[in-house]
Amino acid sequence: MDAKEVIARRVAQEVREGMLVNLGIGLPSMVANFVPDDMHVFFQAENGVIGLGQRPPDGMEDRDLTDAGGGFVTAVPGAASIDSAMSFGLIRGGHLDMTVLGGLQVDEKGHLANWMVPGKMVPGMGGAMDLVSGARRVIVAMVHAAKGDPKIVPECTLPLTALRRVSLIVTEMAVIEPTDEGLALRERGPGVAVDDILAATAARLIVPDEVPEMVLA
Amino acid sequence: MKRALKPAEAAEMIPEGAVLLIGGFMGVGSPHRLIDALVARGVGGFTVVANDTARPGKDIGKLIDARLVAKCIVSHIGLNPETQRQMIAGDLEVELVPQGTLVERIRAGGVGLGGVLTATGLGTVVAEGKPTVEVDGKTYLLEKPIRGDFALIGARQCDYVGNLEYTLTAHNFNPVMAMAADTVIAEPHHVMPVGMIPPDAVKTPGVLVDHILERLI
Amino acid sequence: MDAKEVIARRVAQEVREGMLVNLGIGLPSMVANFVPDDMHVFFQAENGVIGLGQRPPDGMEDRDLTDAGGGFVTAVPGAASIDSAMSFGLIRGGHLDMTVLGGLQVDEKGHLANWMVPGKMVPGMGGAMDLVSGARRVIVAMVHAAKGDPKIVPECTLPLTALRRVSLIVTEMAVIEPTDEGLALRERGPGVAVDDILAATAARLIVPDEVPEMVLA
Amino acid sequence: MKRALKPAEAAEMIPEGAVLLIGGFMGVGSPHRLIDALVARGVGGFTVVANDTARPGKDIGKLIDARLVAKCIVSHIGLNPETQRQMIAGDLEVELVPQGTLVERIRAGGVGLGGVLTATGLGTVVAEGKPTVEVDGKTYLLEKPIRGDFALIGARQCDYVGNLEYTLTAHNFNPVMAMAADTVIAEPHHVMPVGMIPPDAVKTPGVLVDHILERLI
C-alpha cells in the first residue's frame, strides 16, 4: 500500500453516516474510494453539486457537471445543484461536516498553510480559506515530509490559510491531533515506529505511553 | 421581449477598460461565444472579475492569452501558468480573493449591501490593510462590494424575456453576477418562447437581463 | 371619477415599457388597472413573484400564489418565482424601477412617513423601508388630505419610513415633485384650482406661473 | 434517508422557550400542520421569527391566539389585531424589522456572516441604538445575524433525503430559514422517492434538513 493510499484509507474512517463532506482536489479526493458503499454520505464539490459521484462512462460526460478541478464527474440520485453563494453559505455557515485538504505545512498551534509558496507558487486560495474557516471538522491529508523536509513544524513559515486550528492531521506515518496543549500523537502508520515519526517531524509532539498502529481494514 | 444578438454585436457594446463580471468555474458555465467575440474584436484593458482564469487557450484563459486583461480579481490562477507569467512580469495585476468572499462581495454589490463581514481571511495576508468590525465580541473582516460595468453570463436556456435557467455545476457565479452589473448580457445554449420555463425554474428573472445572445445551434 | 381613480390613472402614466414595478397594497394596487394592455411591464409582489397578474377565476385560486396582502392573484407568462432574499435583493440593489406606496405624511424634504401612528396604529413597516430606500423611483399615491387634515406638511410628525427623498407625490388634487428647492407643484387635479391645493397643503409649495391640469385619458 | 414524522412527534422535539424560525408570508408557505401540533401540545414561551403573524385564527396567528409566543421578531403585524393587543398589554414582546433586513439577518445567521450592512432604516426608529459602519464614504446600519433553535419550513414537495422544492409565492422566507437553525423540520405537501426531484429543481438541499413530516394526504 503506497503512502497516499494509507492516508486516504485512514481519513475515510473519519467519515460518518449522513455527513456532508468536501474533498480537496488531488490526494483528498481519493478518500471517497474508501468510504463503505453502504454508508450514505454526500460529497460536495464547491463548484456546485451536493452528491458528487464517480467518473462518468466514456462518451457520457456532461461538460456542465465537473468537480472543482474541472474533471468530469457524475451525481448520485438525490443530488442537488447549488450556486457559489449557496456552496459557500454551506461552508461558511457551518453546514459542512468535514473537509479534507492537502497541506504544505501545519504547525504546533494546528495552523495550516496550503495555498502559496511566496516567489515560487501563487495559485490562489480558491475555496481553501473558507473551507478551513468554516467546516465543522478540518482534516489535513498529506505526506509526512516533503523530500525529507518536515511539513509538521513549530511555526508555519508559509502564509497561513486560516487562524482556525485544524481538527486532525493524517499522514502515512501518523495521525496527529492538535489540542490546547499542542500536537498529540494518536496513531502510528503501518510498521512505523514512534522514533521514525519524531525524526520526520520538526514540531514538538505529545507522545503518550502507548501509540496504537492505524487499523486499515 | 428582447432581440437575439450575434456575439460580435454584443462584444461591440463593451468599451476598452470595462469591468467585466464573467461567470464560470474552470470554464464550466462560462459565456464561451462572448469570450471568443471579445478576442476577435481585440479591444482590451479589461478588469475581469471571475472565479478563475481557466487554462491557457481555454475559456477566460483566451482573454489572458490575447492580453486583453489589465487586472483580474479571482480566487484561483493555479491552472493557468500564463496568468502567473503575466502577473510576475508586471503586465497583469492580480487580486486574489477567497472564493466564498468573492461571491459574497459580488452579491453585496448586486443586492445593495454595504459590504461583507466574514471571518474568512482573518490572520492571513488577505486581511492586510482591511478594516475589521466587531460584532458581539467576534471579529470579522469588512470586505467591500464588487460591481461590474457588464456581466457576461452563461446559461443553459432562456426565454424571450430573458428568464434564465442554469444546470448542475454550470450555475457557479452566474446567478450572483447577473445581479451586480450595469448591463447584463446572457449567453444561453437554447432560447425558448415565453411560458416554456416554469416560474419556479427561473434562477435569474428576465428583468435583470439586458441582452440575449442568439441560440447556440 | 372618484379620488382614488384619479390618483391611480395619473400614477399609471409614470409606468414605462419594460419596467419592473412594485405596487403597495390598497390604492397603489389599482394602478395596474390603468396601464395600457400593450405595454410590457412586470409587476413584482415582494412576497415572491415577478409578473403578477389579475385575480384568478373563481375556483381556480392557488393558495400558493398571492399578492403581498394575501389576496389570490395569477401570474403572467414569463413570470418568475423569487424568494424573499431575491425579492429584497432586487429592491435594495436598485433593480426595481418604480414603487408606488401609500402615505400618511410627506414633508418639504420629500420624506415619507407611512408605517405607523404612535399609540394608535403599529402595523410594522413590512417592506416599505426597503422599498423607499432602494427603488429607483418612489411614487407616493395618496388622497391629498385626511378628513381635512393636510398630509403634505412642513416636517413629518410621524416616524419616517426612510431618509430618502421620494420622487413624486400624486394625489387627486395635485402632482408634486420634491426638489432641492422644495416641493414643486407640477399639475392640478381635474377641475382643481391652485388656491384649493394651497389651502389643503400645510407645506410650502413652489408654484410656477402656469400649472397644467392632469390629462387623464 | 429520513423517517417521516407525525406532526405531534415533531412538536414534541421543541422545548419551551425555543427560538423558532417559521416560514410563510401571511400563511402562504407556512408549516400549517406543525403549527397545529404546537397549539395542540400547548408548550410555549417561544420566540418566533417570521415575516408576520398572519391573522387571528390562521397560520402563525394560532400560536399568538394560544399565547405560546413570548416574543416575535417580524416585519408586519398590521393584519393581526390580537398580536397588537397582546403587545400593548405587555404580554408579547414585538421587535419590528424591515422585511429586507429581516431576511438578510437570517441569511447572515445561516451562511456564517457577521452581520448585514444596509441603508434601510437609516434615520428612522429602526436605527436607534444600532452601530453604523462607513464604507467608502457611505453610512450603513450594522444589523446582527439571527439564528433559531428550530426552523419550521413549509415546502411543496421533498424526496426521502430531504431535498425541498417550493412553489410560486410559497418560497418567501423558507429557503433562507432552512439554513439558519440548529434543527430544521420540513413540512412538505408531497414526499417522493429519491431521484424524482432533478438536482436543478432543489432549492434546499436535503443535507440541511433534519426531519420531514409525513405526506399531507
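As written, the chains take the letters A, B, C and D, and residue 1 is the first residue of each chain.
Here is the rule we use: a residue touches a chain if its C-beta (ideal position, glycine included) is under 8 Å from a C-beta of that chain, and two chains touch if they have at least 3 such contacts.
These are the chains along with the protein names UniProt gives them: A, C = Acetate CoA/acetoacetate CoA-transferase beta subunit; B, D = Acetate CoA/acetoacetate CoA-transferase alpha subunit.
As the structure is a prediction and not an experimental result, all values here were calculated from the model.
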item: Neighbouring chains shared between subunit A and subunit B, ordered by label; value: D
item: Intercentroid distance (Cα basis), subunit D paired with subunit A, Å; value: 35
item: Cα-centroid distance, subunit B relative to subunit D, in whole angstrom; value: 32
item: For subunit A paired with subunit C, centre-to-centre distance based on mean C-alpha positions, whole Å; value: 55
item: In subunit D, residues with contacts to at least two other chains; value: 104, 107, 111-113, 118-119, 166-168, 199-200
item: For subunit C, residues contacting two or more additional chains; value: 49, 75, 81-82, 85, 88, 91-92, 134
item: Every chain pair meeting the contact rule; value: A-B, A-D, B-C, B-D, C-D
item: Interfacial residue positions of subunit B with respect to subunit A in the complex; value: 25-29, 51-52, 74-79, 84, 87, 96, 98-101, 103-104, 107, 118-126, 156, 166-176, 203
item: Touching residues (chain side subunit D, partner subunit B) in the complex; value: 104, 108, 111-119, 133, 135-136, 138, 140, 142, 144-145, 165-168, 199-201
item: List of subunit B residues in touch with subunit C within their complex; value: 1, 107, 109-113, 159-161, 163, 179-180, 194-195, 199-200, 202, 205-208
item: Residues of subunit C defined as touching subunit D within the complex; value: 45-49, 62-66, 68-70, 75, 81-85, 87-88, 91-92, 121-130, 133-134, 159-163
item: Interfacial residue positions of subunit A with respect to subunit D in the complex; value: 20, 40, 42, 49-51, 75, 77-82, 85-86, 88-90, 92-95, 134
